[in-house]
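Chains here go by letter, A, B, C, D and E, matching the order in which they are written, and residues are numbered from 1 within each.
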Amino acid sequence: MARIGIAQTTFARFDMGSLAERIVRENSGCTIIRYTVPGVKDLPVAAKKLIEEHHCDIVMALGMPGSKPIDKQCAHEASQGLIQAQLLTNTHVIEVFVHEDEADNEKELVGIFRDRTIKHTRNALALLIGKNELDKYAGKGRRQGHEDVGPLLEG
Amino acid sequence: MARIGIAQTTFARFDMGSLAERIVRENSGCTIIRYTVPGVKDLPVAAKKLIEEHHCDIVMALGMPGSKPIDKQCAHEASQGLIQAQLLTNTHVIEVFVHEDEADNEKELVGIFRDRTIKHTRNALALLIGKNELDKYAGKGRRQGHEDVGPLLEG
Amino acid sequence: MARIGIAQTTFARFDMGSLAERIVRENSGCTIIRYTVPGVKDLPVAAKKLIEEHHCDIVMALGMPGSKPIDKQCAHEASQGLIQAQLLTNTHVIEVFVHEDEADNEKELVGIFRDRTIKHTRNALALLIGKNELDKYAGKGRRQGHEDVGPLLEG
Amino acid sequence: MARIGIAQTTFARFDMGSLAERIVRENSGCTIIRYTVPGVKDLPVAAKKLIEEHHCDIVMALGMPGSKPIDKQCAHEASQGLIQAQLLTNTHVIEVFVHEDEADNEKELVGIFRDRTIKHTRNALALLIGKNELDKYAGKGRRQGHEDVGPLLEG
Amino acid sequence: MARIGIAQTTFARFDMGSLAERIVRENSGCTIIRYTVPGVKDLPVAAKKLIEEHHCDIVMALGMPGSKPIDKQCAHEASQGLIQAQLLTNTHVIEVFVHEDEADNEKELVGIFRDRTIKHTRNALALLIGKNELDKYAGKGRRQGHEDVGPLLEG
């Protein structure tokens, strides 16, 4: 039975982890391992520990970078670390970040949180099945957090 | 028989992978291993897995970064990861990124997608032959996605 | 008995280490290992040495980046290094940075120093207990240095 | 007999490799190993392969970043990768990059290509001799691509 | 007897290495190992080689980034590499960079060179003694290149 790690933060203003957990439970029999850290820069090592110490087959790294320039830099550093964690473990870590200033109001932001978390949880489940599970969507302009934009007209 | 990995994304709006696959088939007897991930930041680990778990001799990493600042940052992080993946495996990963805002309209963008994918697939095939296969073009101002610019007049 | 490393700098203008040490002593029986370096860019290797040579189970990296652009870049480099140190050791290093220009005056800045150091020391102690100790605060909009902002209304 | 790797690109508009090769031959009996890749981001792994698979004692990484912002970012990523390649091999890789927009016209740009390539080839030969071969020039304000500026007046 | 590596560049316009060497000799019986490279981006591998091949217990990396944007980027890349070198060796590398545009005139710039080099050489000697040698200055607002600013009033 596959194991999914769900790492999240106390900084975020939406409980992405519980939503991701619900989607996993509704669509699979995977075991879920939770890990909560203060902020996005703590996620890379949490992801690596979930993989190496808790034997997760894939990890979701959930976070909400703030709106200030320093927050953007933190998100950049976290993203770099998440890629390094993947390279050191040969395991996917699906980054699901929602920037606090992505929407004009809280309601819209919550909508982005929901849509992106749900769709990326499905992506994680697909990658667990195998490297070709998403082949049918290659180049199709899929989006998480918003409607798909679809392929280019002449593509 | 050499093995070429072709990693691509569902975020892209053009099916670069199928085009690359066609060029490979028309020009070689290489085995092709496909891998589809959500976005460009998922490509580094996919490339590394193609090399280490699927025994690819070279990988093409195909993607389309979006037009927003955050998309540019994602592309930067992905590129760094792709270079790290190469250094950790001593294997070339040819990055073929087309930025969504590179062209003024969709038709022109599709043209860039086609030209860059085709030429870089040929580059990958050349590198598979050996480190000196491209020697004759060194310093010749070759471009992918556009016409070659050629060497400097006094070069 | 758990061991907490406390790394700090001579560049900072507030003795974050002594405050962190007091909070640790008031809330746990942990052994404290101190390490003082010149600036934030010296913290990553100090953190790694605390973990690998002094057997710390977690490290706090305390620093105050200055207000000039070059200082911001130093902080960025230090943060990247701290994430690398964590990935190489599978151990948390809690970064506690207060930027010299975060507040309008010295009094307010001292307040940020105190609040952030105290709260992140508690975060470190929580992570020492385990990966689920902070679960109850996941997505709750917690902040260090300022009041918590709380979750989104519809979150 | 020492081995010098010369890695270059098809993107560049000047054949830096042939010039470097000529300088090496005029000044040493070193064996030269060539490697040609599409662009600067392909240079790090080429350099590492020259060192580890072709047993080079030093490598020159020759390239011409373009003038667009994305080209500058590529150069940055390539430079980071070249430094990583050195750290992973304990071997010098002398980066010789000429930016396409460094000069006002093509003639001047060719002059920079020539001067920088020649001087850095001599630097590579010096480093092959040993870590103290350049001691006599330490702090002397040497430049590649332009005239030396010399030490500060009171330095 | 401890060994101090002193790595410096021919690009710099001030002989920081000789000054550092004098301070080391006046204050310790350490053995000094010199290494001269062309520019700051060559310093990371020089530092790593000084540690791993020449058995240095600590290294000083001395350099002068130029005033152009590309020079700032080079400094950033060099700094990242120096941090990586430290993490890979668990050894301190004290970066002593003076930016060519830090002062209004050459005299003032020379003053910064002297002050920063001298103070950081003392820092290196302190770190050689041990991780707690600088404890008494933690949070004291020490500066290299300028007067100390001291701790915050309420700190």
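In this text, a residue touches a chain if its C-beta (ideal position, glycine included) is under 8 Å from a C-beta of that chain, and two chains touch if they have at least 3 such contacts.
The shown structure was predicted, so the numbers you read here are calculated from the model rather than taken from an experiment.
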Review point. What chains touch chain B and also chain D?
Key: none
Study note, to complete from the structure: Output for shared partners of chain C and chain E reads none
Exercise for review: Could you work out how far chain D has to rotate to sit on chain E, using CA atoms and steps of 5 degrees?
Suggested key: 70
Study note, to complete from the structure: Comparing which residue numbers chain A and chain C contribute to their contact, where sharing over half means same and under half means different, the two sides are different
Point to revise | Rounded Å distance, chain A centre to chain E centre (Cα mean) | key: 40
Practice item. Averaged over CA atoms, how far is the centre of chain A from the centre of chain C? Could you give it in whole Å? Key: 25
**Study point:** Residue numbers of chain C (touch at least two other chains)
**Key:** 80, 84
Point to revise | Graph class of chain-chain contacts, one of line, ring, star, complete, other | key: ring
Review point. Going round the ring from chain A and on to chain B first, in what order do the chains come?
Key: A, B, D, E, C
**Study point:** Parts of chain E lying in touch with chain D, wherever the complex brings them together
**Key:** 8-18, 34-38, 41-42, 44-46, 48-49, 52-54, 70, 73-74, 77-78, 80-81, 84-85, 88, 106-107, 109-110, 113
Review point. Where on chain E does chain C make contact in their complex?
Key: 72, 76, 79-80, 82-84, 86-87, 90-95, 99, 120, 123, 127, 131-135, 137-144, 149-155
